[in-house]
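Both complexes below contain subunit A, partnered by subunit B and then by subunit C.
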Partner chain A sequence: MTTALLENTSRDAVWDGAVIDVDVHANVPSLQALYPYMDQLWIDWCEERGWKGPSGAAAHYPPKSNRACRPEWRPAEEAAASRVELLREHVLDPWKPDYAVLNCYYGIDSLRHPDWASALARAVNDWVRSEWLDRDPRLVASLVVPARDPVAMVEEIRRVGSHPQFVQVLLPARNDQLWGQRVFHPVFAAMVEHDLVAGLHYGGTTEGAPSTTGYGSWFVEEYAAEWQAFAPQVTSIISEGVLQLHPELRVSVLEGGFLWVPSWGWRMNKEWKGLRREVPWLDRAPLDLIREHFRFSVAPTDAGPPELLAKAVEWLRSDDILMFATDYPHMHDDDITALLAAVPESMRPKLMAETARDWYRL
Partner chain B sequence: MTVVKYPIVDTDVHPAMNPAVPGVMAYLPQRWRDYVGEIGIMRNFMTGGERPRHREFASRWDATPPAGGAPGSNPEFARAQLLDQFDMSGAMLNDIAPIFLNGGKHQPAELAAAFCSAVNDHRRDEWLASDPRWYGSINTPYELPHLAVEEIRRCKEDMGEYNDRWKQVMFAPDNARPPGHPSYWPIYEAAEHYGLPIGFHVLASRKLTSSGSCNFYFEEHCDWAAFNFPLLSSFVFEGVFDRFPKLKVAMIELSWSWAIPLAWRMDHAYRVMKSEVPHLQRLPSEYIRDHVWYSTQPIEEPEDPRHIDDVLELFEVSGMADKLMYSSDYPHWDYDPPSAFPKAVSGERMGRILGENAAALYGIDLIEGTGWTPEQPAVAAAA
Partner chain C sequence: MSVPSTNPSEPGGASRRVDKHVVARVADVPDGGRVIVEVGGRSIGIFNVGGEFFGLLNRCPHKGAQMCKGNIVGRLSSSAPGEYDYDPSSKLIMCPWHGWEFDIRSGQSYFDPRGTRLRAYNVQVEGGDVVAGEIESGSTALTPAQYAAANPSALLHENGLAPGPYQAETIPITVEDEYLVVNLRPARPARRPRAEAVS
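So, the complex of A and B:
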């Protein structure tokens, strides 16, 4: 069974308590859909150049693939997940979540012009606000930022970050620079100032090789290996002392899996014991910082056999670290029933809703 | 009471890394000795930036030979401090300098080949000749596959009594292209022909993460474990193990508790995107189960010591009990003696991990009656 779809079952049969979905997607159907939210200058630029929008989204989610949209959720005549009505039909109505966290990954990072990229980020945020947030009170969202320009990032956070339905800033997992580095510290300060979560999410720059070992051949090869983008970002944020500068900072890891966390954290703890003189601000073991400052969505779960999955969850040593997500409309073959069976009973309501409710202050 | 001894194979020992020592240079043709004298041999090799180690060579203080020289520069001293100390059956010599050079980065092609040959010749004459328990990993200019194949052939066919002491072909985990790419297949064909595993040893000089370089050695040391993901993903999805069904891959100093969760993840990715890769004959986890080995250092240290048993059990129930191999990483600072394993690790597991698995992979004979026992005082651990 692939539970996000609720085929042959009902939401209450899967889980009869509260649900909060921390990762659903809004797709910009076309660049023209953003025109109402752009100054005429940028509309002219798009039109004169015949530009169809950033290529990054299709690079990370090939539009016709299962990765971009589960076949059952693919509308006949329009872009997947491009209207709030589709989200209602596929997720909000069947799953009855108290809230869903909406993420719009539009691949802004593939556009280089700094002013144009900022204008595009503003347009996406205003489109999300008008066409999604204003139309369904169950939705809260991430705001997007132009990742190469920390000053513009801070400006955009100040411009829309106080809206009560913006709860998070989307930081693509792949970036020109690791997010913990000092050039981004003012951005984290702005997030904390606006009580926003940092949402480390699948996707990011399309420049340079997507891995430490050059350009892969296959899309599935890149997707399967993408823990490589998330794990060093977590390590960067911890190593650079961002959490000591901002003890209130919360970071969500979205669409990045979580089974890598124990193994990765054990290694960080061990290296910290041996090498902490180099990072003297790190006053606690990295895994303790992860449990306090990071949360992980469970789509994808990447689950193995149930009895082994239970062990891998136990290694996290926290009831509070995982958050339910459908990752609508992306396809996974996760079985949330199996995951719930693999976690302690006390963890289930937290995983399905309560951790996210606290985390996002819902 | 009989004392149980476990025969030991150490799968990761490092001769001194400086490639420009006169001993190695003596094996270069005059043309390249002159070139190296003028331009150097590792010009601009740290393209991922520098994070100086907390000690020169990242070595143990006590590994400096009493007669002088860098740690790992004296085979006799290394023998006493490692092979004799733990009564080992064998140890694999894994060179660092060719890894930093990424099989020929920033070198003229001919120099890259000549340099790898020089290192291999020096290791044969200085190390392999000094004790029959030293075994070699072949250094090759692997970004130039036709030259790499020739070097493998030379080591396995032209070195007389030493032909069989070469047990592996060495790669760094940051190839110019993902290592499953067909451009490297001639090397795998040669490796399969000679029955040699392909070893990937940690270290990067090309690119540290998919989001650029990190700033601290602490951070780098953590991030190394991320090399595994694109590396194995490439081997699996390119179909390398269908093309070369006898090929074996050893992941050295790249940690190992990630391996089974990664196999699960690859299975999920495969199920979602199967239509893209109809050439695969099996599930990704099956290729990983049958074709990939791991060295143990730095030994995993879960927060709750009981979880090391979980990880070992996961390997066993996943059909990978024969895939973990002890390594010391001598003479580096984060060296693990055989006593690094938690006391809870059972006798049967200890036997497999400390010697049997590596002996089977590399074809190294375990020497009967030799080895290490948990009863032995942990002299080296205190050293």
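So, the complex of A and C:
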């Protein structure tokens, strides 16, 4: 069964309490859709060159793949998840969430032109604000940033970060540098200043390969093994002392899975005890920092057999760490009822809504 | 002066238990140095930190490594990335196996000062005349190695073992020297006086 679709079941049969969906997507349907949000300079820049948009998004989500859009959610004549009406029809109406967190991964990071990347980030954020946030009060969103330029990232956070419906900054899991490094510390400072969550999200187009050993041959290798891009980012944010610098910082791991976290954390805790002199600011066990400063969306859930799933969730040793997501319009075949059955009863309302409500101050 | 021919802590000596043991000459453990001695059936490291002496059980509470053979390092902490709060006068010993750091003064582990600690022993500096008197009265003992070295024939007679390997640890007690005396009684944390605690 795949419950994200609510096929052959009702929302209340799955969960009759409050719901907050922390990962739904807005797809830019075409570059022209952003023209109303661009200066004439950049419109002409695109037209003169016949430029169709950044390549990053299609590389991560091949447009006709079911992984990019579940067939039932694919509109006949237009791009998937490209209008708020589609999101209402597919998620907001059937799931009746109190809120949904909108993430637009448009692959701005695949641009190397620094001024064009900043202009495009501004255009995407203004498009999200006008065409989504202004049109449905249940929506809050991540703002996007030109990830190759920390100074420009800060500028964009300052430009739109005070809007009450921007609650997060989308940081692609793959990046040219690890997010915890010093060069990005002012970016985290700007997030904290604007009370925004750092949203580590699937995607990112880097000069480097998706694995540490080059490019895989097939989409499945990149797609299924994307956690190997998330893990070093989490390790970097922990090791570089970002959380000591900003004790208020919240980091969401979105579309990155979560069952790798316990084994990663056990190793980190163990090594921290003996290697902590190298990173003396790391004054607490890494898994303790995870439980305080990180939350994970549950789509995809790398579930495995149900009886083992309960055990694996227990290894997280926290009722507060998981947040429900449909990951609309992506198709994961996750069974949220199986996950709910595997977690303690006290954790279910937290997983479905309350953790996200606290986390995003909704 | 000569070393007494009986050792109260050893078989053949007096039966009452002795907590204090002479383990080294002060001059043998320079500042920053250490010696590891066998005393009372356990291995103990004696450390000189800035002229003060501290004793630690030579056994890591984690996996049992010979803790006192590890590197001696200064205390390093930090309040933020790039900030280094380094106190080279405060020393920690790092376990040679997994690098866990323990405060040489207290035996407390750095990462878990409450839950993980190394047993600490009190080490006193005593003059040779005092030590000689204490050994004479039986309140202080030589380590087994010292005893064996000082009384080769006695030990040979007792159990047929030759004391050869222990010769290096022989300490002839002389009144002019100062000695390190370790107390095997567990060092207790300092408590506030009862009256003060009640008020």
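Convention: the second predicted complex is superposed on the first by the 361 of 362 C-alpha atoms of A that agree within 3 Å, B and C clash if a C-alpha of one lies under 4 Å from a C-alpha of the other, contacts with A are read in each partner's own complex, and residues count from 1 in each chain.
We take it that a contact is a pair of C-beta atoms (placed from the backbone, for glycine too) under 8 Å apart; a residue touches a chain by one contact, two chains touch by 3 or more.
Everything numeric here is computed off the predicted structure, so don't read it as measured data.
Looking at the shared chain after the overlay, A:Glu240 reaches both subunit B and subunit C.
Within the superposed three-chain model, A:Arg267 lies in touch with subunit B and out of touch with subunit C [touch as defined at top].
Legend: residue contacts after superposition of the two complexes on their common chain; A:Pro210 is shown touching subunit B, with no touch to subunit C. Residue contacts after overlaying the shared chain place A:Asn27 against neither subunit B nor subunit C. In the superposition on chain A, contact is made by A:His185 with subunit C only, not with subunit B.
Of the two partner chains, neither subunit B nor subunit C is touched by A:Thr326.
Once chain A of one complex is fitted onto chain A of the other, the partner contacts of A:Glu221 are limited to subunit B, with no touch recorded for subunit C.
Of the two partners, subunit B and subunit C, it is B that touches more residues of subunit A.
Applying the stated contact rule after C-alpha superposition, one finds that A:Asp283 touches subunit C and leaves subunit B untouched. In the superposition on chain A, A:Leu275 makes contact with both subunit B and subunit C.
Applying the stated touch rule to the two superposed structures, the overlap between the subunit B and subunit C interfaces on subunit A comprises residues 240, 270, 272, 274-277, 285. On the subunit B side of its complex with subunit A, the touching residues are 54, 173-181, 204, 206-219, 221-223, 225-227, 229-234, 236-238, 255, 257-258, 260-266, 268-273, 275-277, 284, 298, 300-304, 307, 310, 313-314, 317-318, 333-334.
On subunit A, the positions that touch subunit C within their shared complex are 182, 185, 240-242, 244-245, 270, 272-277, 280-281, 283, 285.
Listing the residues of subunit C that touch subunit A in their complex gives 73, 76-85, 94-95, 98-101, 110-111.
Put simply, subunit A touches subunit B in their complex at residues 65-67, 173-179, 181, 204-205, 209-229, 231-233, 235-236, 239-240, 257, 259-260, 262-264, 266-272, 274-279, 285, 287, 300-304, 308, 311-312, 314-315, 317, 331-334.
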